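Dumping the structure here so I can ask a few things about it.
A, B, C, D, E and F label the chains in the order they appear, each numbered from 1.
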Amino acid sequence: MNPPTSPRIHPSADVQSTAIGAGTNIWQYVVVLPQAKIGQDCNICAQVFIENDVVVGDRVTIKNGVQLWDGLRVEDDVFIGPNVTFTNDKFPRSKAHPEKFPVTTISKGASIGGSAVILPGLTIGRHAMVGAGAVVTRSVPANAIVVGNPARIVGYVDTHAGAEPLAPAKGSTEILESKVKGVQLHTFPRVIDIRGSLTVGEFGRTVPFDPKRYFMVFAVPSIETRGEHAHHECHQFLICVRGNVSVVADDGHSREEFLLDRPDLGLYLPPMVWGIQYKYSADAVLLVFASHYYDSADYIRDYNDFLALAGAAK
Amino acid sequence: MNPPTSPRIHPSADVQSTAIGAGTNIWQYVVVLPQAKIGQDCNICAQVFIENDVVVGDRVTIKNGVQLWDGLRVEDDVFIGPNVTFTNDKFPRSKAHPEKFPVTTISKGASIGGSAVILPGLTIGRHAMVGAGAVVTRSVPANAIVVGNPARIVGYVDTHAGAEPLAPAKGSTEILESKVKGVQLHTFPRVIDIRGSLTVGEFGRTVPFDPKRYFMVFAVPSIETRGEHAHHECHQFLICVRGNVSVVADDGHSREEFLLDRPDLGLYLPPMVWGIQYKYSADAVLLVFASHYYDSADYIRDYNDFLALAGAAK
Amino acid sequence: MNPPTSPRIHPSADVQSTAIGAGTNIWQYVVVLPQAKIGQDCNICAQVFIENDVVVGDRVTIKNGVQLWDGLRVEDDVFIGPNVTFTNDKFPRSKAHPEKFPVTTISKGASIGGSAVILPGLTIGRHAMVGAGAVVTRSVPANAIVVGNPARIVGYVDTHAGAEPLAPAKGSTEILESKVKGVQLHTFPRVIDIRGSLTVGEFGRTVPFDPKRYFMVFAVPSIETRGEHAHHECHQFLICVRGNVSVVADDGHSREEFLLDRPDLGLYLPPMVWGIQYKYSADAVLLVFASHYYDSADYIRDYNDFLALAGAAK
Amino acid sequence: MNPPTSPRIHPSADVQSTAIGAGTNIWQYVVVLPQAKIGQDCNICAQVFIENDVVVGDRVTIKNGVQLWDGLRVEDDVFIGPNVTFTNDKFPRSKAHPEKFPVTTISKGASIGGSAVILPGLTIGRHAMVGAGAVVTRSVPANAIVVGNPARIVGYVDTHAGAEPLAPAKGSTEILESKVKGVQLHTFPRVIDIRGSLTVGEFGRTVPFDPKRYFMVFAVPSIETRGEHAHHECHQFLICVRGNVSVVADDGHSREEFLLDRPDLGLYLPPMVWGIQYKYSADAVLLVFASHYYDSADYIRDYNDFLALAGAAK
Amino acid sequence: MNPPTSPRIHPSADVQSTAIGAGTNIWQYVVVLPQAKIGQDCNICAQVFIENDVVVGDRVTIKNGVQLWDGLRVEDDVFIGPNVTFTNDKFPRSKAHPEKFPVTTISKGASIGGSAVILPGLTIGRHAMVGAGAVVTRSVPANAIVVGNPARIVGYVDTHAGAEPLAPAKGSTEILESKVKGVQLHTFPRVIDIRGSLTVGEFGRTVPFDPKRYFMVFAVPSIETRGEHAHHECHQFLICVRGNVSVVADDGHSREEFLLDRPDLGLYLPPMVWGIQYKYSADAVLLVFASHYYDSADYIRDYNDFLALAGAAK
Amino acid sequence: MNPPTSPRIHPSADVQSTAIGAGTNIWQYVVVLPQAKIGQDCNICAQVFIENDVVVGDRVTIKNGVQLWDGLRVEDDVFIGPNVTFTNDKFPRSKAHPEKFPVTTISKGASIGGSAVILPGLTIGRHAMVGAGAVVTRSVPANAIVVGNPARIVGYVDTHAGAEPLAPAKGSTEILESKVKGVQLHTFPRVIDIRGSLTVGEFGRTVPFDPKRYFMVFAVPSIETRGEHAHHECHQFLICVRGNVSVVADDGHSREEFLLDRPDLGLYLPPMVWGIQYKYSADAVLLVFASHYYDSADYIRDYNDFLALAGAAK
């Protein structure tokens, strides 16, 4: 299926728009209304329907049985599987139309699995992956993988969660280097005596900086709670004192997931590493040591900003 | 899209029925078989398929990718979202057809969200709302909102559940008037001493009638258990002694939801108020005082009957 | 051992008091200091020691190895077993004496089992029974049986707890008459359907009065919580809605214990019956209907007063 | 709709393949690509799309809105409901195609309910039943019924699970014959005394063979764990000592499901009966007595092999 | 303190009996009433009191502050610590004497720790050990060690519970020989796979006999439940399938305690070994294989009988 | 009872020792064997028995019915209540004497409540308080209060546990000064947002030093686990991250108890303060920051040494 350099439209299709990019294919029984805009080198498969207030980027694939309603923005390199359903009215009633339809954005490089459902007004983040059959009721962060009804985050793409190099044996005392720049997983000694178990860290020795601050996160309301940000200057050291939490570290080029589930396990996050904490167990208590006092200007809270600062935007 | 006064049928559609009401639009690639009946001012979107033994009322919207099979009855003002799937055989096998297809009814004013699935033989009640992606395996009562796979009731439309006017502070002793005619939420004193906590109500004083009867509901088998009815004459007073339960009160014009979760909270339901109890916690014990001895003739068990009696049918 | 009509004192004893009643025996190696007063027909066994500020009533038995310290009051018909230990200083230090010793009272007819320990300043109630080896840290109510370290109430004397006449079969609907005057145990219908279980009572029909008031006791802090009182006029009807509680009913002549452990079981207590609620399970919720509004003058809170009013004092 | 003996293709369809069997109907707006192969007497409903590397057997029904992608194999007598979604790339990205698509097989006689989703590379077993709206993420064994997102096995077809003939009363001691050849459900005596409960079986008497071996299955990781096989020679006797487990027995002709949930209930499985254990509760401990020492050659692990050996293949 | 060959009685003592054995010492301030009988070589320490209907054997030690009341039988070689308290009336009331006192027996070789309390009518078994301060409310079996209020069995004398030779490593497969004649602790393979854990035994191979019978004990009502007996002919093999239980094996000469807490651990008890099961956890399920069908004549239920049959009586 | 300056011995007593201090009283029926040593100004009450290898200090009170056996050391100012029982053989058998009796020490100023039992070989620490009826099976640390059977630490004398000055309101941010020199209770901010709760401390600002080390204590085996020590140089800061723990701080002059039960509560212990951690809840995790790296020479582990260093020995 080598695409031609001008759009190719199947004769059975009803394409009323002229804003169709070069190299784009439109197949059987497709309907495209007059104001829709479609980029270059797209593949619009049979039985698709595209309304007016819709913008589709370049190199987008839309499989059969999909409708793109008013308000949809589909960025470059997106994949939309067969029978995916979009919606643009949260409480639809026949003959009752909202004054303005909410904007739904499918960001660059994202993929939406077959028969997934996307509720109105959401953003699906860069390179996120929506599983087949998922019913997405909240926006999906960049790189996240979501599945289920309602959809929940189950991982992040390219993290190799659970891979062997970073699963230290209980009882060992060592430092494992992540493929993410500067990130380290420390195992501290665990001493068991009649008073119970004891674990210890020494600042400037086994913990790689002198802390100016600690904080603890606890009473996390649900398994879905999630935090994401990076720091310009501040070093962090994370220990899950009770329960467990998963942490994804991302330097803009590589990404890795860690399960913190023992008080003798510490994760060192240097500055300019994007950190995601998620999958808190109900009883989780996360202790964080920070190398600097609190400074809101040190936080990078937008992933796109982070990628730009990390020289990794693409 | 100002609809014409006679049906408008797109030339690419294959419409074999002539029973199509005035003002109805039928779009691209739609198939309608000969015996189907469709009312006035409907919108039948592209790629829809309608079999023979199907009746569609007035002002109905059917979005793309939907099939209406034999046995389906769609009442006035219904909205059916894109890619909604109906079924008419509970255990389908190829080439094995049931003698008669079960009747599935979508009642007046109901909405079905995109990609929802409706199992055969069910009734979706008046103004009910089926969430996008829901898989509906049981009939849905009037005004109920259902989501998930399998679908569960999560609320009732227009109840403003959890709104502030009716969330009394713990420890206060007061009576809050609902917007539902005559319904009151009472907070009783709670005394804490070394023997535990004690709460007290006085009949004819703080409870607005003298009871002839009490009953208790307990050992509720699942979170989905639900009761609905109104009374001609009987007053009721509900206290959730243990656990919690949600109660929706409805006078035919207004509707409000209450969470009963403390033994010092009582809900007064006068006669001619439709009451729904649902979302019982596993350990819920609901104590009800009634102003009359049991009389089956005093019960109104059909919501449409209730609306008629309440002068609220529409 | 037929006692003589004047006190008989063994020659090895060192009895310095002259206030010893007729018919009392004092045995080998006993010491009695000068101000002690001992009634008639007592039996003071070998190796007993009695200090000065001690009053012992008539027909008291004191077994070997017991000391009665300053501050002790032992009423008529008391039994004190071998090696029972009394104390009269809560935080004793050598050579540090309190200015005044607290008064410890062993009421009429009580028995203290061998080797029990009684902390200072307590009252052991009429006919109470302290088990052998018990360490009594709180006062013991009339008729109660206590055992253990620390001592806990495990029953009341002469209640025939758990006897067969008053253990109704689940599912039956009947009224059982107690041997305690006017007290009834009611079993209500229990209906089980798909909504859970339901039980119902009708005021003036199956519940023997019209209530003016209900109250609920819940969040009971510990298994030891206990209430005791009677009413002049008020009828009560007790239902344990959740968990279980034991109730002792006492008309001054007979006493009976009931276990309320099902929401379809109700206990009717007429006026002038002393009621004790105890052994609350952690999750107990006790619902009480009362025939009168609250009136503090209607309460009888002292068991001796109750016995007098009931014509049962002895 | 009496099918003609040659394929009948609606003029609005775009059918590019010539390998279409006699008696097959192809309806409106269907697309069939050139290399696709379709058998006899099929019904390909409106708006279906069939790619190239697809093989469809005889007597297959494909309802509206379905796409069959490269890699799909649909055996005889399969039913595919409306809007069912197949997928052939587990991690789809636009413009990134796998070198080779995984093969997905829908086995003989299986049915897939409306709007179900089938992930790539799976096999749906013979006569299996996929519920409407199910999202199937793992292969489905023969005869299994799956529902939900993700899909879970909830039963097996034609087992009459929970039917009355085989629900013995607690306390009885008896042997119930299954409709499955030779299978018996034994109830053993249960003696309750002050030491707890005791149950006993006698080998060669109440257990119908002398065991050479016992084994226990415990610490079952999840509710979805499942085992399936038959034996040439070995007799088995299953007792669920703790928790509960469901067992399906199948002689190739009849099938029956048993709930083992009491230590005094034993299920006898003779040789040449296919046994399935599933729905283990979290605390289940399954004790099995076997008439032979372990011999791997005695196991039949493939259901098709079993049907052939049982003379039941069809 | 070399005792003389005739009884030596301190002049301060009041000894009214003449039935005192040779070599017995009686110390200061002791009282012995006329009908009491005391054996040879006893030591009756200062301040002891002995009533009339009392029989004391040979070589008995009675420390200070003890009273022996009517009904007490103290066999040879018993030790009674200081301030031990006996009782002979379960519900004592002053001046109310039972017609006949219950007999309390302290069997040969038993020891009673200081300040312990023994309730009336009990038997303390041979060589049993009552801890200091224990309050004994039930009879104590031979060799048992009891402590606490109320007293509970915490072990058996000379069992070396928890000693190292018989604590097999998890995962090993081996047979450990007990010092008790013929008793073996077997460790079976434990296989862990995705279906959970599996353990297996082979009759006549890894289990040392072919069973005629199995039985299971479950729903054990309390931690104090206990069984004791031996068999003439029957071999037994015990596996604790769930929870844990302790087993004492005793051949009349040696005694050993085993903790069964894993389904892959089996204890072989040959005939003529006295077995005690106790310390059942709340969820314990004990599976027993027996080499013979049930025969009540095969049971030896009295420990003294067992010792005689084992040639171990002394 | 004004004591004379030379020992006063009642004529009925049998005192065979001459090592009796001036001002000591010995009362009726007491026995003292020849080698016993008793200090000045003691009070030895009636019916006491003292063996040979016993040393009693000055100003000691021994109430009636007590025996002091070989091996007992009673220091100055001790109080021993009535019927207290000492033991000197852990597994007593009649006529079997240990070669040497273990030494039991009652330290200076300790008090033992009536009828308590002390097992052999223990030390009761300075000023400790043993409750009436307690059965002491382990040594008791200085100042501890123990009760029950077996005896457990329930507090420390003069700590005013739970007193009001140091119970900060939840939500406040403040530092409370203890009466113990330099000890501070810090309340940190607790921020509640949708991610759960968060608390934060700043080193050198709100935490009064820069840490060199942290350690965590977790998996504490039982409620009785207890640690006690002081530091020469090291500052400590304690936070109970999960569950709760009680801490007693003691500067040699004053003592105070703190309940740490919230992650936003921190206790600062400067050098030369004796700290006791006890009453750990089952889920307790204690986080400690230390101002120095670990140095065993910095620990003071003996309370008497600490008192001497603190200039507080007496």
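Definition applied: a contact is a pair of C-beta atoms (placed from the backbone, for glycine too) under 8 Å apart; a residue touches a chain by one contact, two chains touch by 3 or more.
Because the structure is predicted, anything quoted here is derived from the model rather than measured.
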Ordered by label, the neighbours common to chain A and chain E are D, F
Pair from C-F, A-F or D-E with over half of its contact pairs in common with A-B: C-F
Turning chain A onto chain B with a C-alpha fit: angle in degrees, nearest 5? 120
Validating interface symmetry: for the copies chain A and chain F, is the fraction of residue numbers used by both over half? Same or different. same
Using mean CA coordinates as chain centres, what's the gap between chain B and chain F in Å? 67
Rounded to a whole Å, what is the gap between the Cα centroids of chain E and chain F? 36
On chain F, where are the residues touching two or more other chains? 29, 47, 65, 83, 115, 135, 149
Take each protein chain as a node, join two nodes whenever their chains touch, and name the resulting shape: line, ring, star, complete or other. other
Judged by the touch rule stated earlier, which pairs of chains are there in contact? A-B, A-D, A-F, B-C, B-D, C-E, C-F, D-E, E-F
Can you tell me which positions in chain A touch chain F when the two form their complex? 192, 194-205, 210-221, 225-227, 241-242, 263, 280, 283, 285, 287, 293-294
Mind listing the chain D positions that touch chain A in their complex? 14, 29, 31, 47, 49, 65, 67, 69, 83, 85-87, 91-95, 115, 117, 119, 135, 149-150
Can you name the residues of chain F that touch chain C in the complex? 12, 27-29, 41, 45-47, 59-61, 63-65, 77-79, 81-83, 109, 111, 113-115, 129, 132-133, 135, 147-149
